[in-house]
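Right after this note come the structures.
Each of the two complexes below includes chain A, the first together with chain B, the second together with chain C.
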Partner chain A sequence: MSLEALNDLWLTYQSTVAFIGLNGLLALSVYTTLSCGQLSLAQAAFMALGGYTSAILTFHTGLPFAVVLAVATLVPSLVAVPLGLPVLRLKGVFLAIATIGFGEVVRIFFVNWDFTNGALGLTAVPQRTTIWMIYLALAASLFVLWRIRGSRTGYALEAIREDEAAARTMGIHAAAYKLSMLVLGAAFAGLAGALEVHYTFMVAPSTYSFSRVVDMLVYAVVGGSFLFYGPLVGAGFLTLLPEVLRELGPRIGLAPGPLRLFVNGAVLLVVILFLPRGLVSLPDRIRAWRGERRPPRAP
Partner chain B sequence: MQQVINGLFLGSIYALFALGYTLVFGVLDILNLAHQAVFMLCAFTALVLVGNLHVHMLLAFPLAVLAGGLLGMVVDRVAFRPLRGRSDSNISGLISSIALATILEAIGLQVFGPDVERFPFGTVPDRYLKLGDAVISELQLVIIAIALAMMAALTFLLKRTRLGRRIRAVAENPLAARILGVNVDGVIAASFFLSSALGGAAGLLFGLAFNNVSTDMGRAVELKGLAVIVLGGMGSMPGAALAGFALGLLEVFTVAKLGSSYRDAVAFGVLFLVLVLRPRGLLGPAALREA
Partner chain C sequence: MLLELDDVRRSFGGLRAVDGVRFQVGAGEVHGLIGPNGAGKTTLLNLVSGLLRPTGGAIAMDGRRIDRLPTHRIAALGVTRTYQNIRLFPALSASDNVLIGAHLRRSDPLWRRMLFLPGVAREEADARAGALALLARVGMEARAGERASNLSYGEQRRVEIARALASGPRVLLLDEPTAGMNPAEVASIAALIRDVARSGQSVLLVEHNVKLVMDVCDRITVLNFGRVIADGAPSAVAADPAVIAAYLGGEA
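Coming up: the complex of A and B.
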């Protein structure tokens, strides 16, 4: 392949590459709270807080982009603390509902806030994000999660995920761990929000609707929410999928929008029913399946 | 007075929708997030029956509700039954129902398109009554009446019939019910039928009331429904009905006093406060059920 063709290919797909990174970061933010058995559906709200904070800072101050990103990461984490204190007492579906509620309140707040142009949002945000920044952020987040796994904290989180009551009996301060994971997840989401806003030139409340959270959840669950790199696999797979479908859709006579939704839903359903540990567990499953079929060797 | 009527009318639709939610939650301790897709598809079913096939509304209504109920049984079979017995079935059931909702929504979008559709003119009576200084449309009264009648029928079914006793037995303790010879899977399927029939009826009434049927109509109501069941107490039927009317009134008064932009914030503000301050809701069971 000539250099020119390669360059063309890159120009066509660079935004896909960028979105794989961004979605990966978002999937990790869902994973972070899931890692101690908490389903938080407020990630789009944290993302919105990060996105709006960064846009406002870029428009109204001359701060360098690195500082803007840092503040945009910090603001949602700070919001997550007072949110987490009462909310993390709730479990399972209650937590999910409470965080859905919080997400909607944040979205409605931005819809009604004249300072950021209400429902239309802010446009013409200067493009500051480059692809290497996205992947640097992703690598940093992966590094954090990789360090947590296998550490004392990692074992504590796993214990809480498996059985919170038992974990507390062992002297694990469950509430503190759950709160810190919520805060960490909020930080990832805020960072992703800020990066996205400075990549797509705009920030608007409609970006942060409930369906956005569903997307993130799909990435994390499809990829596999038991291993820290699972969400990344899911984000990559499901961000590429629409690209393939866009080519395929017209040929089988289906509109791309519904087809994308349908495939997203179907993939999620199949994975949750048949591969509860996600796509990353697929090689193991295939191996196990073939092992079963092979006649047992004589001892 | 006008506001009270409007509030009751909106509330009756919320209450019907939330009753469906809470019925399944009471039986299975699982939140069925595909409920809103049934709500939407039922409204479309009625629309097709009335608009394209020229069926009279009085016949289309029960047919669409029946379709909703059957769809609910499909939801159970596909999204919930395979997961039963898995240790994390709460969270995974939540996720699989989100998945199914997405699939149903995609089907809706593919078949009906993203535009807002309307019932043909004259499907429903459009006469108005004057009550003091309030103007009430006949349609509003009919909707409130239908909602109340369905609630009464549900109460009767649960309290007085064999099926109702079985549903309550399974809700109380599935294992014990199974030992006593109750067909648990059948009862759960029946609860899904009832729940989705209610949700579908709510969708149909919503579509008629605002003469507005679109593929994203479920989303907004879904979140309102969650607020209602939390406010009423998870799994509590009277609580859901009461909270549905309460939320309807609250919303209408917010619009009247503060303007329409904060209408949705009220529901979620309430939801949030209830979860934090009184997680068992208005009429929930004394101990917080930890799911």
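Coming up: the complex of A and C.
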């Protein structure tokens, strides 16, 4: 393959590569709160707060991009504290509903805010994000989650996920851990939001609708939400899938759009039914399946 | 007195599950809590460990009120427990369960782990060794790596006791620790309870196995319908006509 052809290939697929990274970061943000058993669907709102904060700073201040990113990471984390204090007292589906409510409040706020041009949003945001920045952010987030795993904190989170009341009787301050994870997840989402806005040139409320959170959650579930790198695998797989289907669709006589929705749904269904621990558990499952098939050894 | 219950009450709607219970547990004492089904024993353990709040009365450790504290603070003051309907973390291994039990005794600030500072790995190795030692104490060292949900009933109970001991409690609450165990296993639990008490830790034992209670307890409180009907040394309690009527029934 000539250098020119490689360059063409890169130009065609660089936005896919960028979105694998961004979606990976968002999936990690969902995973972070999920790691202590809390299903927060406020991640799109945190992403919106990060995205809008960064766009406003870029338009109205001369701050360097690194500072813009830092502030855009910080703002949703700070908002997560007063949100989490009351909301994390709820459990399971009630927590999910309350965080959906928060997400809608944030989205509708931006729809009605004239300063950011309402429902149309802000366009012509200068492109400042490069692919290495996205992957640096992703690597940093993975590093944090990797170091938490297996630490005293990591075990406390697993204990809360498995049985919160039992964890509390062991002296684990469940409320503090749950709030910390919500704040950390908000930081990841805010950072992803800021990076995305400065990659796609625009920020608009419609980007942060409920379906965006569902996408993030599906990445985490398909990849596997019991290991910190599972969501990343899910995001990579599901972001690449439409690209493959775009090639495949015409050959089997189906429009790529409906085919994508169909395959996405089928993948989610298959994973939930047969791989409850996600795609990352596939090697283990294959090993177990082979072991079962092997005839028992004679004593 | 280490643990003091003073006129502790708890109602669920119109039902007085615990109704004016008063007793004390001294340091290194094994205190039995017996009574017919529904007498309020498990409710009482839930009140002491902070999973439920009393509707009246006071619970104190070393004279300090604990009944309004959050659950994790009560554990930090030295009260840990096991559960009648075993509540291990099912997806985690036996040793990880015990490691989590040691949460209060461990200190490894996360930022030090982020920076790979020396000492962190040593602390973690020590904590793991401690968990294995506790599993050995309950005779479970051979099953340390097994998922909790794969262990037998009796094994799960022993791991749960190890997990409760891992925080180094001053009062250990055991809720029917020998339910579902065979006589040999019961004997080993009795030896373990005596061993725990010998090291200065107190045990508050809820148990239906009357022989075990009579064997290991220094003092027994008998509950019926949420009220204390007898309190004293095992021999005195066994001879109490109110206890015989309410609990031992036809056997006496």
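Following the convention adopted for this analysis, the second predicted complex is superposed on the first by the 297 of 299 C-alpha atoms of A that agree within 3 Å, B and C clash if a C-alpha of one lies under 4 Å from a C-alpha of the other, contacts with A are read in each partner's own complex, and residues count from 1 in each chain.
Simple rule for what comes next: a residue touches a chain if its C-beta (ideal position, glycine included) is under 8 Å from a C-beta of that chain, and two chains touch if they have at least 3 such contacts.
On a predicted model such as this, the values are computed, not experimentally measured, just so you know.
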Fit or clash between chain C and chain B when superposed on chain A: fit
State whether A:59 touches chain B only (first), chain C only (second), both chains, or neither. neither
To make sure I follow: the centres are taken over C-alpha atoms, the vertex is chain A, the ends are chain B and chain C. What is that angle to the nearest 10 degrees? 80
Kindly classify A:158 by the partners it touches after superposition: chain B alone (first), chain C alone (second), both, or neither? second
Determine, under the contact definition given at the top, whether A:132 touches first (chain B), second (chain C), both, or neither. neither
Just to be sure I read the superposition right, which of the two partners does A:221 touch: chain B = first, chain C = second, or both, or neither? first
Considering only the touch criterion stated at the top, classify A:172 as touching first (chain B), second (chain C), both, or neither. second
Considering only the touch criterion stated at the top, classify A:10 as touching first (chain B), second (chain C), both, or neither. neither
In the three-chain superposition, say which chain, chain B or chain C, touches more residues of chain A. B
Touch test for A:102: chain B only (first), chain C only (second), both, or neither? first
A:115 contacts which: chain B (first), chain C (second), both, neither? neither
Min C-alpha distance, chain B to chain C, superposed, in Å, is 10
Overlap of the chain B and chain C interfaces on chain A comprises residues none
Residue positions on chain A within touch of chain B in the complex are 37, 39, 86-87, 89-94, 96-98, 100-102, 104-105, 108-109, 111-112, 210-211, 214, 217-218, 221, 254-255, 257-262, 264-266, 268-269, 272-273, 276
Where on chain C does chain A make contact in their complex? 49-51, 70-72, 74-76, 80-81, 83, 87, 89-92, 96, 99-101, 103-104, 106-108, 110, 113-114, 124, 127, 163, 167
Considering only the defined contacts, which chain A positions touch chain C in the complex? 143-144, 147-148, 150-153, 155-156, 158-159, 162-163, 165-174
Chain B to chain A touching residues, read off their complex: 25, 30-31, 78-79, 82-83, 86, 88, 90-92, 94-96, 98-107, 109-110, 114, 219, 223, 226-227, 230, 234, 261-262, 264-265, 268-269, 271-272, 275-276, 279, 290-291
